[in-house]
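Below is one structure, written out as structure tokens, with a few remarks after it.
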Amino acid sequence: MTDMARTEARQVSLDQFDQMVQEVSNWGRWGNDDERGAMNFLTPDRIVAAAQLVRSGRTVSMSLPWNTEAGPDNPRPALHYMTQLGDRDPGEPQTNADFLGSDFHGKATSHLDALCHADFRGQLYNGVPQSSIGSAGASFASVMSVEHGIVGRGVLLDIPHLRGVDWLEPGTAVLPDEVVAAEEAQGVRLGKGDIVLVRSGHYKRRQTLGPWAPFYLSAGLHVSAVRLLWEREISVLGADGDSDARPSPVDDMLSPVHALTLNAMGVHLLDNLQLEDVASACIEERRWEFFCVIAPLRVPGGTGSPINPIAIF
Amino acid sequence: MTDMARTEARQVSLDQFDQMVQEVSNWGRWGNDDERGAMNFLTPDRIVAAAQLVRSGRTVSMSLPWNTEAGPDNPRPALHYMTQLGDRDPGEPQTNADFLGSDFHGKATSHLDALCHADFRGQLYNGVPQSSIGSAGASFASVMSVEHGIVGRGVLLDIPHLRGVDWLEPGTAVLPDEVVAAEEAQGVRLGKGDIVLVRSGHYKRRQTLGPWAPFYLSAGLHVSAVRLLWEREISVLGADGDSDARPSPVDDMLSPVHALTLNAMGVHLLDNLQLEDVASACIEERRWEFFCVIAPLRVPGGTGSPINPIAIF
Amino acid sequence: MTDMARTEARQVSLDQFDQMVQEVSNWGRWGNDDERGAMNFLTPDRIVAAAQLVRSGRTVSMSLPWNTEAGPDNPRPALHYMTQLGDRDPGEPQTNADFLGSDFHGKATSHLDALCHADFRGQLYNGVPQSSIGSAGASFASVMSVEHGIVGRGVLLDIPHLRGVDWLEPGTAVLPDEVVAAEEAQGVRLGKGDIVLVRSGHYKRRQTLGPWAPFYLSAGLHVSAVRLLWEREISVLGADGDSDARPSPVDDMLSPVHALTLNAMGVHLLDNLQLEDVASACIEERRWEFFCVIAPLRVPGGTGSPINPIAIF
Amino acid sequence: MTDMARTEARQVSLDQFDQMVQEVSNWGRWGNDDERGAMNFLTPDRIVAAAQLVRSGRTVSMSLPWNTEAGPDNPRPALHYMTQLGDRDPGEPQTNADFLGSDFHGKATSHLDALCHADFRGQLYNGVPQSSIGSAGASFASVMSVEHGIVGRGVLLDIPHLRGVDWLEPGTAVLPDEVVAAEEAQGVRLGKGDIVLVRSGHYKRRQTLGPWAPFYLSAGLHVSAVRLLWEREISVLGADGDSDARPSPVDDMLSPVHALTLNAMGVHLLDNLQLEDVASACIEERRWEFFCVIAPLRVPGGTGSPINPIAIF
């Protein structure tokens, strides 16, 4: 159905990339003050339709465990400290409590990127200047733009399943025709308002072979596949990597998919998901679509949030 | 329908409380190794049934904003620091990023209490000894017990709405017959597997009159109402306070409802919710039940998690 | 010797303040690249001379205890969490360990202000632009400028002792002639390279009457006293407040002494010291000078450090 | 003068180690309530004598820089976040500020171990039970026991200088006769109340060859050298490793020197010092003794503190 040769990275020049930005830009599409971007596609009627997908009552976490161990893919380990151990209260009952902390962007914690996360050439989504964000946080397109949750149809594109492999080797860039092939094989078509999740098998590989430094070597969408997502008018893009293939196919750019999605299209990203459990569930349920709920913390001025996205079948 | 006099706190002796513990204990009910407690009531078929409640596609956050300001009700303010401001990456795009931290139990951050949070006389839920938890976290009944999310029917009991007031004054203890009265007035009956949310109007009062110290003065369920929840076999109890009325009606106990629910019944608690938005939505939608999704962070050994519970109508 | 009336705040206009800035500015005095400011006065020979003050071998901390309790004067409480409790190592010995954290500038933790801490009209000390500092920290005049410690003669100006009172009432502004009076009464004269510590009795008042909000009401030097410190060529200024009297005597400026010392003179500040113990020691030792050692943490890019300054008699 | 063969690790059985513990134990020596251990040797007269060593006025930091980069020797990187960047205050001057955080025990941050840090077979120094420490911190022998600073004579034992090498290879264990040889070569004799600093050249090796995992491979004192330190009645032991050689020469014990010093002798430890600068200064000053000041943060209940020890020549 597909073949490794076709997924070899095709190099893209900066000029070509600039043209891509123009093609997929949604700046101004929902007004100059819009802070929600492609979330505007995810209307109440689509939420209602998506809820029809709840048929078996199975729920599946798409999050990694909170990772407090430093490693090649976790240079900024999350913090977890016990603050009470049944020994501090005046009477009964006693309390066990803990502190959680995380500089959550990076490669090890499942998280949501708010639109303000990406600054491309001095501008955020919709042309708002980078200077709108300061030490107190973002005043535009913070995580508060999705404070009521991201709720809709989730669609898993399981590329290793399509290829019949356990995982994509780091560095693999998924081309648009393979996205189409996955749709066909899975009997699902990406559409307006969808929460699209692209599995590379990252976590299975990590559990099997150990961690590596995904900053330099990561499977993900080739930049040329973004145009298709724009045409289909999806709302959210998630991955078990961070949606960028690396080495990057664009000259001198580390994260071109971030620039195209967060910045130009206003598509929120979900990074470092754990898609192994949901992939197994899809196979067992024989469908690659489900009701999907993402509940970011309500952080005023925040650039995103650690999350535990839930797939409900 | 109800009357203020009836909600005056009735004092309960420690002997009476001990008897309540015996009556509502679910220890052993799902086996000696069970770590999920009343979550066992929330079966897949109930999740499917609950999804039928998604009819308008409206989503509502039931979380407070992340509160970094110290105050009478926030002695341990949450942390939010910017870690990148578009000035640290080698090329384009640039990144805005932040650190979040919280000793989240307490009175100001919406959070989930895992069953291991409450230690009553040296034992956790199901009789597991307190010594099972240490500086590395909990080995029993941690937040990982609900790692795949808490998904089901949410029912709001809007007591101020019932009484025709803006909020319950701090210190008010809600008696069981008022729970029944709210059910009747709202046309909903608490049942097996429900996620029950009791509104006191705490947040509206705080926004109107300013914060106070809820450790000593808080509206919530009277301890005598817990038996009714046990009979109805609910799974989760949430509140815009922390489910305990204070001053506590039980002699020498600060948080008797915590002991009864988390510890004896194995009912997870949701503390410090913001129920104003969902209360307005219920009135507009003319129903007090909805699809409810709670997605705690997957923290191995954690005693709970900050959360943003989502009501979906 | 002095009188309360004389210490009433004399209001200073912004024009008068600007002239003060001009008078005490040390910009360019030690070259355009200088990052140490008045620390240049504290030469090795002065360190040797100061060491002669070690005669009794008594050492005294001038630091507050690490304050993890929120309060009117501690809106950003410091963090202290146990990370190991003798229960995590594979064998013997076992370890007890803890995490410390602090957003240490503010009013409750004893700390050093590096010269980069104060930005006055877009410029740091020596005219370096504010843009030299970013999310990664300061590239100019960070705490690394004093990484080898601040070591020299410490001189305590004990104003309550001079006045015969327990403490100065918050709001009191100490005028220059009272500085001179304190010198005379104590038999010590401020001089080149000195570490000058001005006691208001802040901590004694706090311990006696409880905390208050020192952001709005604080005893400290009147802005007119700074000129004297400039003439005497001191190196460092410390206080049990933060060296600014509040309400500020300068129109529309909250912290004019910070601007004059850190920014114009290049004088490092020590804020929120605990000067009660050292004041008692000075009375018992019958001298108000001692060997003083301040050892800030070596934080690349840091704007200061929590400290425990040690007086050695 | 010495020879590599002599420093090969001699294995010590657990029985032999137990005998060492008996020989060097200071439990009860200063009373059953004593929390200061060998700090009792560091009397005011010794501080006065040590101050005579201040002759050139040179000050040298013996601390590593605050290390926020994860690595083989830094699995728990320290935190440094900017909290204000001249953009949050109402008027002038503006403020630059930052947050510092660290789980400071470990291998990468220079720090002090308080006596309560080591739990050996359920007991802390002086036989106090481990149960005296809980989630709120230590109630015995915390860092508050040295809140007024550690001030005295510092003596550097520069073993690589003695051997004529740049550094000791990780794994090297320094035997007692080499301690004596270093004393003789340097013309200094360890004595009562001394702060003894043993250089292995750890940091020079790290800067030259890169970091390694010092948990498993580290140069330091052989356990047999501790007896000599006990006889000389030193107060404090520091090292550019953590004072334990690894692999450990004692069967099944990772940190036997920690047990002997902190626990049995009541000798405070200084871990992960940076001794390169002070080693160069000693050579230039032609003396290996100096005035030494360590100023730990005043943390109630703390198990130690990050520090910047200052050598003053």
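When the chains are written out, they are named A, B, C and D in that same order, and each has its own residue count from 1.
In this section, a residue touches a chain if its C-beta (ideal position, glycine included) is under 8 Å from a C-beta of that chain, and two chains touch if they have at least 3 such contacts.
Everything numeric here is computed off the predicted structure, so don't read it as measured data.
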Across the interface between the identical copies subunit C and subunit D, with over half of residue numbers shared counting as same and under half as different, the residues used are same
One copy, subunit A, sits on the other, subunit B, after a C-alpha rotation whose size in degrees, in steps of 5, is 180
Contact-pair count is greater, between A-C and A-D, for A-D
When centres are defined as mean Cα positions, the distance from subunit C to subunit D in whole Å is 29
Here the gap between subunit A and subunit D, centre to centre from mean Cα coordinates and rounded to Å, is 46
Expressed in whole Å, how far the mean CA point of subunit A lies from that of subunit C is 47
Multi-chain touching residues of subunit C, meaning two or more other chains, are 79, 81-85, 99, 103, 134-136
The residues of subunit D that touch subunit C in their complex are 43-48, 51, 54-61, 63-66, 79-80, 82-86, 89-105, 110, 116-122, 130, 133-138, 144, 147-149, 151, 252-255, 258-259, 263, 291, 293-310, 312
Within the complex, subunit A is touched by subunit D residues 69-70, 74-77, 79, 81-85, 87-88, 103, 134-136
Listed in rising order, the residues of subunit A that touch subunit C in the complex are 79, 81-83, 85, 99
